[in-house]
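Naming follows writing order (A, B, C and D), and every chain is counted from residue 1.
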Amino acid sequence: MAAEPRTLAPPERRMAEVSAKVRLGGYDLLVAHDIAGPPDPRPGQFYMLAAGERWGGGSGERPYLPRAFSFARVRRHPDGGTELAFLLEAVGPGTHRLGQLSPGDPLALVGPLGVGFRSPAAGTRALLVGGGIGVAPLLCLHDELSGTWHEGVEVLLGFRSSEYAQAADLFLAGLPGGASPLLAVMTDDGSVGRPGLVTEPLLEGLERDPAVTVYACGPPAMLEAVRALCAERSVRAQLALESGMACGFGACFGCVAPTREGYVRICVDGPVLDAELLETALLTGAGHS
Amino acid sequence: MTAQPAGPAEPPAAGAAPPVVLCGVQLSGPVLNGSGTFDAIAAHRAFGDELLERFPFAAFVSKTVTVEPRQGNPPPRLWEAPAGLINSIGLPNRGITGFLSHDLPRLAELPVPLVVSVMGFAREELALLVERVGEREEVALLELNVSCPNVETGLIMGADPAETAAAVERVRPLTEKPLIVKLTPNAVDPPAVAAAAEAAGADAIALINTLKGMALHPHTRDPWLGGVTGGVSGPAVRAVALQQVAAVAARTKVPLIGMGGIASGGDAVDFLAAGATCVAVGTESFRDPGAGRRIAAEMEVILGPQGANRAYRSGKGRPRSPAGL
Amino acid sequence: MTAQPAGPAEPPAAGAAPPVVLCGVQLSGPVLNGSGTFDAIAAHRAFGDELLERFPFAAFVSKTVTVEPRQGNPPPRLWEAPAGLINSIGLPNRGITGFLSHDLPRLAELPVPLVVSVMGFAREELALLVERVGEREEVALLELNVSCPNVETGLIMGADPAETAAAVERVRPLTEKPLIVKLTPNAVDPPAVAAAAEAAGADAIALINTLKGMALHPHTRDPWLGGVTGGVSGPAVRAVALQQVAAVAARTKVPLIGMGGIASGGDAVDFLAAGATCVAVGTESFRDPGAGRRIAAEMEVILGPQGANRAYRSGKGRPRSPAGL
Amino acid sequence: MAAEPRTLAPPERRMAEVSAKVRLGGYDLLVAHDIAGPPDPRPGQFYMLAAGERWGGGSGERPYLPRAFSFARVRRHPDGGTELAFLLEAVGPGTHRLGQLSPGDPLALVGPLGVGFRSPAAGTRALLVGGGIGVAPLLCLHDELSGTWHEGVEVLLGFRSSEYAQAADLFLAGLPGGASPLLAVMTDDGSVGRPGLVTEPLLEGLERDPAVTVYACGPPAMLEAVRALCAERSVRAQLALESGMACGFGACFGCVAPTREGYVRICVDGPVLDAELLETALLTGAGHS
């Protein structure tokens, strides 16, 4: 357990301050200055977020509970503390409210939470596969992997359309030493990159060179396709899962996924799980149904 | 940590709220957790030792333990309701043997007294649980969760005064530790159930558990929850909880642990005013893992240095007109 | 307006939702008001004839009428709760004689069928009420509000199946008009009460009434409400209401009128999916006097032109596992 | 009933648009453009207001119900529709939220509601007595009375301090033909006008000339003092009362005041009641306790 990629969180909710909110195609990039949190969350970990004021009163008298978000990028803030970037897709009252925040607004957060991605298995390259908003945790993973050893990290991203595919630009920006990743973009409508699903280049890549560790995050159907492709080829894969969450720190037992070892709580045993643990990544009630 | 009064070496756990005595057990403040709403072992993984240094509660109540291990209900298990939560968790736990060997030693390391919650689907199950938990010195108090059907009679134990009395009578002789009976709010007359539990030997009453509720999938309109129905908690149930606490306080003398939607010190003081000795925080901990500490601190501001146990144990806020209940 | 099916000259009342038949009475849509949450006479003073032109409901349910006139409870009568309201109104009304002479002629001018709600504190009171209301041709349906104690037995009528059955049996022969029984949610087993009411001759079941709740004054911590306790309504109770409607639907065949926290067409469709034939809007009308119309229109968008009475009367959303109830 | 000073409201909630929000000492002046409402609400009538978005999620997970506000001023909007001004005092989550609105924000409203002030009794002058936020309905009454017959309208206003007394300036601004009213301001701390309670100049005025009709709005203790002073001298008084309200149109029976004729609903039978109807104006649960 000591070895799990997990940075501990302070045991209470704290207030960060929104420092930027940028519209990025179909997404919002929300940047917050976190004074009291740790500087080194691990890629794949997440934070529970809520607007510091007026969380509630949206459609259906919601939101009430905080919402889980992978951090997408982290850096030291020049004035001390940590700057955290989150990539948000507005799908309901919580993400809608967070998308309304402006610089200076308080952001309530708890985190970093959960277990992040583990290093690639010995002798393998990292192959990152992201679908839609699922690219968020892959961005910081990519930052970290590119910072550590530049060679061979490959990124395959799939989006609905060019509007959403703007998130792919984040993988090019802010790279240390201007390194350029091996990046392939797919869109459902072919408006950017190749038309088709991200699993197509994944399949090609695995056929070409199966000595990879796959890191995947995206909608359940994509994750399940990735899981199955990797399982058939005995390729190691780490999947970042989603579930509705009430607490994010193992308190409510609400976020379970069925695994070969029974139900596990995605928030404390995940969100990153070894694909081998799963019979299916098509989880009920997860993702945006 | 055992049932003994907290020694001087103990770090103050829940803010600096004045000490409270619950069934002879001295607590550093009036705020507990609701059973099943805080997993101290998982929280320790997430928060590390800072959790123990700033432990949110003055006593820790375990998740409900059953005789057999349970996986719990299929997902989805959660639905967000207006100012509340519906859960259908289904009491996952390792079963009594797993709990005693795996969980209890870890929980004993917490800096506060321990309450173990148990549920039996028959009186003999409850007896077995009370015996096995009661003999462990790490445990300060036992809580009987009676919100389940008795498979022998088909009645929900905690909804029926006679069922509840029979259950408490059966287990009362089996331990000398204080017994808390946790009521279900889904009853016609919770005060009658509380009075029956008290007469049968309960040392304290905890209430409320969740209200029965349901949600449908917004597109298919099938039941959303894997367990079909669930339990409602959070601010949405607070008014119901406060009324039940006041009504039970009017009919019983044993200390009460009031809960249901408490999210602030002001809410908690309402429960003391209604007649509770302690309060418990459940769903609010999901929003803020440090809620217990924050609420204890807010209570202290409202109550002043004289503290919780004095001003309000008089039952100041108890309804003036019992007829209104 | 009488119990006859709405004639062709009637303006469509609640949006263009397709007609619904409730106990033989044809309604222009599935949305009614909850008893006591809309005073059409007062609203006519505030809104004038536009209220009648755009009447929010497909049938109008009167405030509960008792034998004697009642002033109601002392103020304060309201407390705002998270996503809800606690009220302690205390059934003010002119009494049956005043109602029939003063209110009924005015209510008869509404463009929709009329439901009169009555409450008796003894079976003979209820009999008197049903007889006197039942003989008035302006009245299409009667609703029995059984959320009160029977002064003869001390039991809350609607919390006890036998009490409810006895009340319905007593009044059933006294009128040929359809009888709706409105249940209280403060019961162990509302489906058992509903089944007893159905067996005794009820033509429809309405639920839920308010949940018992309480609030304290934020400074003095005395009970806030003049009536000490009150009833909780609004979105806070919706999950509880939906569960009870689904549970009652699983145990009865008569049409159900579902209510409790309905604030949107989506909420209302949930109640249809749970097995209700009609829905009623209460507290949401306080936020928007036109809520009934708006909700009917939103329902139509969700349900499509086929409409409420078809797709969902199958009980599509009824829980798959009765055990879960 | 036909003669009661009541303008009818459309029978549903509608959206107005905030056109200005000005801080006025301790109060907020909220101006909204109401397209669909009537142009002629009667002074003393009120509107039920709620933020058009995000009503809720404030302290204690409130507000949920709309809040009652007397309109303080009305005029035709140059682009059609009506411009309504409300004077707000932030005392809880509802007034706090309304005070956060900015120009362009939607404002949900129902109204005008209730019965307004009636004309002065024959042979009497109007004497307006306002305390604190209770000056709001007196402002539009004053506008109307000054517009109709200029002579003799007298206004006595009491405030906590100079900060709140800024609301008195509204009575000077916007008067037709630059007429200046007979205005006396009292403050508790004497920081503006005379120190003391507004009932002191009222008593002096009544002693000087009892041929007045008194119009009063303010905290319960002030209203009760006004009621008692007038009753002793058989002076006609119209009191604008307050109560917690859920609906504002007689639906909930929640806003009752005890009168000599039993309980009356302040929202349909008031908010302006003849003082004679009341044994006391010290109502339970009314005002800001």
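In this text, a residue touches a chain if its C-beta (ideal position, glycine included) is under 8 Å from a C-beta of that chain, and two chains touch if they have at least 3 such contacts.
Given the structure is predicted, the values throughout are model-derived calculations rather than measurements.
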Pair sharing more residue contacts (C-beta pairs) when B-D is set against A-B: A-B
Where chain B and chain D are represented by their mean Cα positions, the distance between them in whole Å: 48
Whole-Å separation of chain centres (CA-atom averages), chain B against chain C: 35
Separation of chain A from chain D, taking each centre as the mean of its C-alpha atoms, in whole Å: 54
Touching two or more other chains - residue numbers and ranges from chain D: 56, 60-61, 64
For chain B, residues that touch 2 or more chains besides their own: 79, 81-84, 234-235, 266
Pairwise touch network: line, ring, star, complete, or other: complete
For the chain A and chain B complex, residues of the former touching the latter: 1, 6, 8-13, 50, 56, 60-66, 108, 110, 113-114, 243-247, 249-258, 262-263, 265, 268, 283-285, 289
Chain A-touching residues of chain B, taken from the complex the two chains share: 36-39, 41-43, 45-48, 50-51, 54, 56, 63, 71-72, 74-85, 87, 89, 92, 217, 219, 224, 226, 234-235, 283, 285-291, 293-294
Residue ranges of chain A touching chain D (in the complex, touch as defined): 53-58, 61, 64, 97
Chain B - residues contacting chain C, complex: 79, 81-84, 86, 156, 159-160, 186-188, 211-216, 218, 221-223, 227-230, 232, 234-240, 242-244, 246, 261, 266, 269-270, 273-274, 312, 316-317, 319-321, 324-325
Residues of chain D defined as touching chain B within the complex: 60-61
